[in-house]
Amino acid sequence: MSLVLVFEQVLNGLQFGIMLFLMAAGLTLIFGVMGLINLAHGSLYMVGAFAAAAVAGATGSFVLALLAALAAAAMAGAIVELAVIRRLYDRDHLDQVLATFALILIFSEGTRWIFGSFPLFLDIPTYLRGPVTLPGGIQYPLYRIALIVIGLIVAAGLGLMIARTRIGIQIRAGENDREMIAALGVDISKLYTLVFALGAALAGFAGALVGAIQSVQVGMGEPVLILAFVVIVVGGIGSIKGALVGSLLVGLTDTLGGVFLPRILNAFMDVSSAANIGSSIASMAIYILMGAVLIWRPTGLFGARL
Amino acid sequence: MNKKILALSTALLAAVGMNMGAAQADTKVGMITTLSGGGAGLGIDVRDGFMLAIKQSGRDDIEVVIEDDQRKPDVAVSLADKMVQSEKVDVLTGIIWSNLAMAVVPSVTAQGKFYLSPNAGPSPLAGKGCHMNYFNVAWQNDNLHEAAGAYSNDAGYKKTFILAPNYPAGKDALTGFKRFHKGEIAGELFTKLGQTDYAAEIAQIRASGADSVFFFLPGGMGIAFLKQYGGSGVDLPVVGPAFSFDQGILQAVGEAALGVVNTSQWNKDLDNETNAAFVKSFQAEYGRLPSLYASQGFDTANLLISALDKADVSDADAFRAALKAADFNSTRGDFKFGDNHHPIQNIYAREVIKEGDVFTNKTLSVALENHSDAYAADCKM
Amino acid sequence: MTDPVLATHGLTKTFGSLVASEDVSIDLKPGEIHAVIGPNGAGKTTLIAQICGTLTPNSGRIELAGVDITGRPTRARALAGLGRTFQISALAMEDTVLENAVLGALGATGNPWRFFKPALKNIELREVAEQALHRVGLDDVMSTRTAELSHGQRRQLEVAVALTLQPRAFVMDEPMAGLGSEGSKVLTEFLSELRSEAPILLVEHDMDAVFALADRISVLVYGKVIATGSVDEIKRDEAVREAYLGDDA
Amino acid sequence: MMSERNLNIAVLAMFIGIPAWAYFSDEPFTITLMTRAAIFALAAVGLNLALGVGGLVSLGHAAFFGLGGYVMGILAYHAQTYTPLAEWPFLVEGTKSMPVIWLASLLLSAGLAWVIGSLSLRTTGVYFIMITLAFAQMMFFFSISWSAYGGEDGLSIYVRNNFPGLNTLDPIQFFAICFVILLAALFLSARLAKSPFGLALNAARQSPQRVETVGLNTQRLKLVAFVISGAITGLAGALFADLNRFVSPTMFSWQLSGEIMVFIIIGGVGRLFGPVVGALVFVALEHFLGGLSEFWHIYLGLLLLLIVLFGKGGLIGLICGREKVHD
């Protein structure tokens, strides 16, 4: 196998990982600050994609579509937080899992009710179409490079926000000590709504970006949601750095496992069974990764030690 | 449009209600199909096509009970029990997915009910597991893939890269393609079921030195693949079965699908009277172009009606013979059943084009003529 | 001279640069109450955690009846005869008082793998539990939910659960905390009797109780034992007065 | 307010009365629905042991449900095709006998639960939820891609398995089997909750520190609870596969894990009859709401949300009020 192909696959893994990060960052923030486990995060991803597809269909502008995705997901997030989520903060994880599971049902069928049962169309804008040639002669889709760049910018922005800004300080304070932050005179319920909306916006943004190269359909959020959970558990819940490392790890494992496992197995068996068994194992690879990490470090790579 | 259908079924139900005196002459049909969740589009099309044919027949002695299986096998089984035990239907139909069909069909046919498949055609039901009360009105699962293999021979492809999801239908697809494809296989990949990112696969296609690509990725997987393939700069010709290029899904793929050749036993431009009338009336009734699935639903209902014209369901042998005769006007033109009760029909190669603002298909050629399936010989009936 | 029931030898525990215990060697002889006192942050809680097995010392040994138990988990120490009460009650709040005591009795048998017969119908377990509850004076509230007990009653229940284990030595973390003067008096009398059954290592803030009960006192300051001796010796000790009692006395 | 005891009796009466009515008025499908409810209830009784008593929030119980299903599917498949299951190290034949299948699914599910449990119990809280989910997902993807037993298509068993002296194809008789097993499981879990083991487990959930201080191993208590819990859910899976005469990877799906949990929440966590009430209500909703609207999941979601947000203690809590102290 050529080095170029390996390099290209690594890029693919990175790009996949970065998109996962946008989902995982929101999840981990929400967990870190509010202690809430939110299964409905995938629904916000879907809301973003649908909003983007609807706006792109009406206006033809991809930038407007992205803005719409951000706005719609943030709004949906804020509404859900005000109506439902805030009643769950002092509940146990079980209630949170169940209530947000219920939200998934409502969001999915509600979206289908509004938009119908067929997938929607959302395309890459013309200026991001087609491949570019990277050093080494690798042809790589421009849009995916854009995804990597956008994702890294968001990650950096998020990091800066948390490290430098007032709201970031409040978020960090909230992670460490909820009573202290109330004592500082911060309006905690406002902060929670804000953090939830921020997480939702990130998810919606990811949904719109990814929706352009995938299919915008009901139920698109749940597979990503489960991956995002794997990410934050691997990285350590509540840690943005953990989410980033976890995303890349999961993205690379999934991509490279799918590509290389069949080839490695090919050394021991014929092509067909190698393809078969290899892809079977590859489909379990990230869960095996997660299991291994948790057995080694029960609170994830960057999680708080108990 | 959903309301219309509901109204229609209620009207039918009401008609049956009033005819209680002549109840024994009525035929009760149970339709189990996917109406909610991810794959609902297919089920809705089958249902709409089916109900359109029933409506056009003007018969008020056919009662259709429609239930949503949510694409869950256990729900489908439970509904089948309900249809048989509680609704006491005579004929069942409607299932979209092979795995659901495998869960339901053997048990309902064993209970003496007729099953008409409007979509799924898993290989066991065509071969060793065939049953005299099971009729497939769509295709055996391998058919469209076999046609794709045949078409790539015609198109002169020598080295094809093939991929499908890692599940039984995916494996059948690749086997079916290889059964007819004479060229070399540049690479063979099984992707994860439900996978949405194909960058890794596309990179391998690029690196493989293939001259063409065959893929079977139903639903959202196909949309994702095509969009990503379109943006990748790999411009090898793509061949696939109709599922990823059908009317319902095509608008979501967009430009990326233009020019792709796909194989299907039906297309809206097939030149026969029944088809022309079907396309027109379907559009008039539901305000959208019919899909492959709608045509299959429509044909299934017409097959049923043609058999009911000849025999009563209560006379199982006569009714079975009437079904086997397939004496109805199909939207596909010529249609007949083989000995394993699967279709013998032409399968066409069609190309995705744009008509005004709408993406649709144009028939190119016949890929396989009067094609049966590879499992018929295993069927002992 | 009698051998100590419980002894620590040179326990040292650090958290980063903070030294929480420094070369702590104390012992508990049969029949005595040995009180450990010291200002807040002196490392009393850390010491108890090491003795009971929730923290592992960096160096040093812990012996119970001459057996080294340093590396063993909490439950093994309990089985070896260490009865502990918590500073903040760690009881099963949803369960009844009797159920909490039966849990102790069950622990003492070392065999919880009985899946069928109701625990409360087990005569043996119930007798042990009821006797312990009787001794601390909780007979009247046996079928009350623990969450409904008063603060003092929970302390009594803590002691009762420890009693069911019939331990060789008790380790009590501030059993008087939050008790009214009447409650303290009752508990003081009770502990005074209890010492003949098994010696008590008592960590306590209530100086009146300590002076009334203790046979010996060790004073812990910044993780170090600065003095050990009888009540009078400690009261007279210059270093102690300076470091600790000076402010109060 | 109704006492919990009376409510339990009422629920049992429904489980006897409705199928009896259906039997005499020739409504076999109603019996099938009740069978479905009984089996779901059994699965949830299993989970309730881990979740309600042990406080182990497992979002991966579908792993056991599915395994039980596949044990039934694989054994019956080999019996119906007259092929041996294994020839090495010793000959294992398939079987169509329910008691044998039950025993096998109990044992294998217990084994799987032991493996998953001993790895997962190293973690707590959200991590535990997620790692159990991950194990179930592993099983899910494995079952999809393992083609020997049908992969995603699943396995059809054409005739229901046998139980000595009964005609299992008769809906009422199969219902009776499932109901008796459910009763047995309820009886066992009622005894278990009050047994010394149950007492210790219950305390381990509330105050692990306390349990350790009296010399008991909380981890092992929880592991044993998880194993028993997994075994019961596995048995339910075998019955469910027999009800449908079909098994497929959807039995491993995370939605199914969620649904089993939903049963418990609807009914009431930690209540003996919580899972039973929950499963009954869920099956009824599925049946009646499903007939009302294509979008019935919205209503199901809203209902669930209301119960979680405002109905602490589930339906039983709503009807009977707070749990009484048991003597």
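Letters are used for the chains, namely A, B, C and D, taken in the order the chains are written, and counting of residues starts over at 1 for each.
Just so it is clear, contacts are C-beta pairs under 8 Å (C-beta built on N, C-alpha and C of every residue); 3 or more make two chains touch, one makes a residue touch a chain.
Predicted, not measured: the structure shown is a model, and the values here were computed from it.
Q: Return the chains shared as contacts by chain B and chain C, ordered by label.
A: D
Q: Starting from the Cα centroid of chain A, hunt down the chain whose centroid lies farthest away.
A: C
Q: Any idea which chain sits dead centre by C-alpha averages?
A: When every chain is reduced to its C-alpha mean, the one closest to the whole-protein mean is D.
Q: From the C-alpha centre of chain A to that of chain D, how far is it in Å?
A: That pair's centroid distance is 32 Å.
Q: What's the distance between the Cα centroids of chain C and chain D, rounded to whole Å?
A: 44
Q: Measuring from the mean C-alpha position of chain A to the mean C-alpha position of chain C, what distance in angstrom results?
A: 50
Q: At what distance in angstrom does the C-alpha mean of chain B lie from that of chain A?
A: For chain A versus chain B, the centre distance works out to 35 Å.
Q: Touching at least two other chains at once: which residues of chain D meet that condition?
A: 141, 144-145, 147, 295-297, in rising order.
Q: If you look at chain A, which of its residues touch at least two other chains?
A: Only 108-109, 112, 276, 279-280, 283 qualify.
Q: I need the residues of chain B touching at least two other chains; which ones are they?
A: In chain B, residues 36, 40, 166, 171, 190, 192-193 touch at least two other chains, as defined above.
Q: Treating touching as the only link between chains, describe the layout with one word: line, ring, star, complete or other.
A: Topology of touching chains reads as other, fitting no named class.
Q: Going by the touch rule stated at the top, which chains touch which?
A: Contact pairs between chains: A-B, A-D, B-D, C-D.
Q: Using the touch definition from the top, list the residues of chain A that touch chain B in their complex.
A: Chain A reaches chain B through residues 1-2, 4-5, 8-9, 12-13, 15-16, 108-109, 112, 116-121, 123-124, 129-131, 139, 141-144, 210, 212-220, 223-224, 255-256, 258-259, 262, 271-272, 275-276, 279-280, 282-283.
Q: Residues of chain B touching chain D in their complex?
A: 2, 35-36, 40, 67-68, 72-75, 77-78, 81-82, 85-87, 98-99, 102-103, 106-107, 110, 122, 166-169, 171, 190, 192-193
Q: Flag every residue of chain A that touches chain D in the complex, lowest number first.
A: Contacts found on chain A: 31, 37, 84, 87-88, 92-95, 97-99, 101-106, 108-110, 112-113, 226, 229-230, 233, 237, 276, 279-280, 283-284, 287-288, 290-291, 294-295, 298-300, 303, 306.
Q: Can you list the chain C residues touching chain D in their complex?
A: Within the complex, chain C contacts chain D at residues 52, 54, 73-76, 78-79, 84, 86, 90-96, 99-100, 102-104, 106-108, 110-120, 122, 125, 143-145, 161, 164-165.
Q: So in the complex, the part of chain D that touches chain A is made up of which residues?
A: 51, 57, 59, 119-120, 122-127, 129-131, 133-135, 137-138, 141-142, 144-147, 254, 258, 261-262, 265, 269, 295-298, 300-305, 308-309
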